[in-house]
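This report concerns only the one structure given below.
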């Protein structure tokens, strides 16, 4: 029982990571109808730049403070993400207005390739680490309930906390800021949005920036856990089922989906894996999502699709 | 070749819609609508925008499934239809907002209309075996006759995307004709056409009806034309049937006039102008 | 400019429906094939054959397969690599378990297995569209990768997890030489391209395109979406599977699942995009392009005397591909094939601009 | 197999005989192709002969007898052609009607020729027939080719083509020998066909032509141009017009080549490119249209292409025609021309559908020298011919290598030509018509008492023996000194210049020739813009001295031409002016068909005419004009009058 709960927790924790990345997908899809395959690459680039700058900056500016280094690195990376958002809007989206969803998807594929290449040329392609001083030591909780208690990784907790905070933040952003509301408007109907004078281009920049920041956070959390390297980019692909499950247009969907997937993976890996030679978490999420799709094509929280003739 | 002769040819009831009701998540699109269509006749469904005309067609050929009511086609009763079955029973249709296959040529678009009749298997096609090629050619001939009929010869191999709107409408009709339907549904065949194009189109519709004896149900906005070419007219308004009968009966039906007044004077003008005949139709011998 | 079409009138539908109705095109095609079958084997170096032409041809074939699915039927797929893998492994397994099986039969069986898998993973396409489907096909990719990595049966319990093909021969002719392999690949590619062409210009092809362009209308004229989509998946993955087998047997010789990973899937997708969706010719253009760019990227710096480290080159390659994809999607969504056909049209109506 | 010259031996002297000859000699060679249902449906000679046999019996079953007229009306369609053949087999006389004529016009012919049976193409024609049936008591049956729209016609007189053939087969079973007997009964001196001249003056006249006449002309041309049974002809003009009929019917049966029928009038251009005829005929207006399309389409080309095109055309103008005429040309030029042929001329011919043309004729009206030169210079062997319905078309034809824009060539074999004192051309020819149907006085008027045919054209044979048409005889006048004055001839020459839209020449009974000129606002306006010459509207532009200079040059060239011409050197233009307003049908200055009304204009602008002959160099005029909206206005202007350079006749020897 304890073991089960531990696995469950573990699943929830990694679920938060998926949720984080899924969030990026959803944000961009909501606002620009683009299914952003480059999200993974963005996570990678963000993580890389975070790792490297926090390592370089002290040297360049001659200071010791790890905290300062991280703060600065974060700022710089955030800046990079902003530039990226600008570039994407200026060189890609602007020219692909009103194109089919699949076209845009392929475009983002291109972007992700580009970023993968760029990131590694700029920051190198070996394994780096991010240390934002997240508590690494494990703790035991609920020792009263189970003997031996449950082993929980503080790091994971923090990650979860961060994720929660981020979601809350975003929710607030969408609810209370005018930009947020504009974003929602755009998501609902491009033409309408334009007609009431919302500049799409600006919206896109903002959305991609936000997605970039989400990616950054995800990158930090993920990176400080497993280290930063190329695989991050593809690892992000494994978060895709999250949005499928949750529905492309729903923020809560991303969260719930993320958790489900996370848990599902861990449990399946632990209880199913051994039977079939392990490593099944690679595809389990997908097959899960696939099964699910067959019954509810628009995902858990997605809107229904009706085609008129 | 006078009206008299046409009406002789009109036969028994081919299609009978019985108490059809349709709604989308609470929104009622059609409410308890009944009407019948006789063999060989041209039956029009008219009504202001949002009167549920298109929904009616979509029910008819199984794109939508009505909550209540049933469809009797050729003596067979159906409570739910699906597009494929409708097609197999010989119901073809054209679309209000062109639903052509943009990437394909005029020829190929019309050829698709033959697919129900093309029986050769995948392998035969892949190797272009004799039978496959012969079948292809046989159907090409049918399609060529349609192209000839609709006078599309000059555009045979042009991608439909490049054609002007009026011609695309014609191709759409051609694709439906290629199915050699018993019942042909036309969804606003003259929408967005100029007078001349409208006359051509009404001539084609009449010719189809004459040459192939095809039964035709058409939805139209432009009362003038409809009144001119159709034998009987159903009038819908807000999903309800408010009139049914010959053009003259309908034209004099006060409720109909009111409905049209409701949506603006020009429609009434159209309704009244409808008395005057359309040359295109005249040319086709009406 | 070179077209003289006067007097090339058609007196039968047969002539009118042939693949190359214009005589000049037929001549050009004949010359091209002659060059490919005769001139190249005589002139090309071993390196050229092994490193460029053979991969180019095999990838072209795979792209043709993918193009049928994506370009003609409009069903986007990110799992092509997986279907190649199935083809390769299946063919290999048949070979290992039934040694006396002729090579061609192995390839075909490989294709057959790929077909089965393709259809299974195509089933979701009946319910879901576009983006969702794209993701769904990823499932195939990951699942298959995993299966060949973790299920020892498929690799015949080879400790390393990688498989190797024995010395190949066909009709008693050894296929160790590059030329022999090239000719075999070329023949297979030509045949399958012809088959594909016949399909896309036939009834089934029209059904695919109908589904692609306007599925509701397609249904209304009696096309069964299920049949159309699943046949597209089947044909596509069959060809892709055969390509996979060729890739494994005649190009790699020995391989592990990595050879058919997600990267491969994307690469093929890029080929059809750059080459031109909905054009078999485009598949070849795309493949040529993707095969040549790396060569270009590795050689150009050398000419300028600044050697790049291997992985830098790889990264640059990534960037270039990425950029190119975006560029093509923006500049010419119909890819190189469209440019080609525009050029051809211009030649036909030369000296007039339109 | 090698292309064989018409193997139909001299034995076959009638159309039916010819048909059977071909069916025997080349049964499986294509006789008639029609673009139908997307492909070129082909009928071999055997098939044609078979169908004609059935049709003949069918017509017989409908009671058509020897010597009776059978009307045929529609586009070029195989069945209509075979109907004509069938009629001829019966010894009956096919009378093709213009398909675009209105019912009433047809009614006249139907009555005049007592037509009993009409073979009509489609509903359109059938409707006309039914409309006028009341006025044509003789009309018994209307046979239609295309049943579209006729399904519910219940008229007793109507008969589908299939029904006709059915009748035929029944009749054939009844009288097996019938067909052969009829065919044998036809003699060369019988009437083969009757064509109604469109009748510019008065009612149409039926021109009666015998088998012998038509076939003889066709044979002569076949020999002259070495036509073989491999030729392809595209029949795209009304078959009721003798020109088309000769090329696509008579010559078809004589030479045994293939005639191709377009899918529909709308697709003629495409079909022309498809077929690529080897033997082609087009009136100048058609050629004009094609050339205009070419120039317009080139307008939008990029500048490199345009430069290439222009330079190539320049070269062609310089050497193309000479190469075509087999004159000596420098090696470099030959090489350049060959290059141009790959780059431009070849593709151009292909685009025009003329890649395969061996012989192309133009006739009907005067053709502009530039237009004429254009086609020859890009390697199309375009030639002029002269003839009329009454002469079975071929009177004069330009032989290869002896082609000039301003003549129509020497008389072809068998034709004698003489020029009457009136300047009218008169001729004798085996191709001459028998008579105007039931119109003795007209027939008499058309022939001199010694049996020569009056062409009604004025002209003469030049020293090389080439016929040169000047004008309609009735329009030709004389100057005070008695020398020849052909206003239309001069005006046409002027109008060939793009800058000149209309011209009116005066001089009949006067000492010298003077002209009014209307500039072409578009062409001259464009010319003015290119040399930065500002202008406000037509009147202003017309009054510019630069424009006068420009027009002066044109007139000078024409004068130079005229000077070279012994008969016409007298009528060189001494003075000219550019009219201050455009001649306009609304002001009754032109006919609706844009022919100048010389007399009316002379009266209306009398002051100007006077001024010219009084030698003034400008004249103030007020002219009333009607605007589109019907308002009337007055244009006041002072019109300048200029002198033109004239040349001494001697100049000819000098040159």
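Each chain carries a letter (A, B, C and D) given by its place in the written order, and its residues are counted from 1.
Rule of thumb we're sticking to: a residue touches a chain if its C-beta (ideal position, glycine included) is under 8 Å from a C-beta of that chain, and two chains touch if they have at least 3 such contacts.
All values reported here derive from a predicted model rather than from experimental measurement.
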State which chains count as neighbours of subunit A and simultaneously of subunit B.
C
Computed over C-alpha atoms, the centroid farthest from that of subunit C is that of chain D
Determine which two chains are connected by the greatest number of contacting C-beta pairs.
A-C
Please work out the Cα centroid separation of subunit B and subunit D, and write it as a whole number of Å.
47
The distance between the C-alpha centres of subunit A and subunit C, rounded to whole Å, is 33
For the pair subunit B and subunit C, the C-alpha centroid-to-centroid distance in angstrom is 42
Subunit C to subunit D: how many Å between their CA centres?
58
Quick check: what residues of subunit B touch more than one other chain, meaning two or more?
63, 95, 99, 140-141
Listing for subunit A: what residues touch at least two other chains?
309
What parts of subunit D, by residue number, touch at least two of the other chains?
38
Applying the document's contact rule, which stretches of subunit C touch subunit A when the two form their complex?
76, 123-124, 127-132, 134-136, 138-139, 142-143, 145-146, 149-152, 216-217, 220, 262, 266, 269-270, 273, 311-312, 315-326, 329-330, 333
Contact residues on subunit A for subunit C in the complex?
35, 91-92, 95-96, 99-103, 105-107, 109-118, 120-121, 125, 234, 237-238, 240-241, 243-244, 248, 276-280, 282-283, 286-287, 289-290, 293-294, 297, 299, 305, 307, 309
In their shared complex, subunit C is touched by residues of subunit B numbered 61, 63, 83-84, 86-88, 92-93, 95, 99-104, 108, 111-116, 118, 120, 122, 125-128, 132-133, 135-137, 140-141, 175-176, 179
Interfacial residue positions of subunit B with respect to subunit D in the complex
1, 5, 107, 140-141, 144-145, 147-149, 151, 153-154, 156, 207, 210-211, 284-285
Name, in rising order, each residue of subunit D that touches subunit C in their complex.
33, 38-42, 232, 273-276, 294, 297-298, 300-302, 305, 308-309, 342-344, 346-351, 353-356
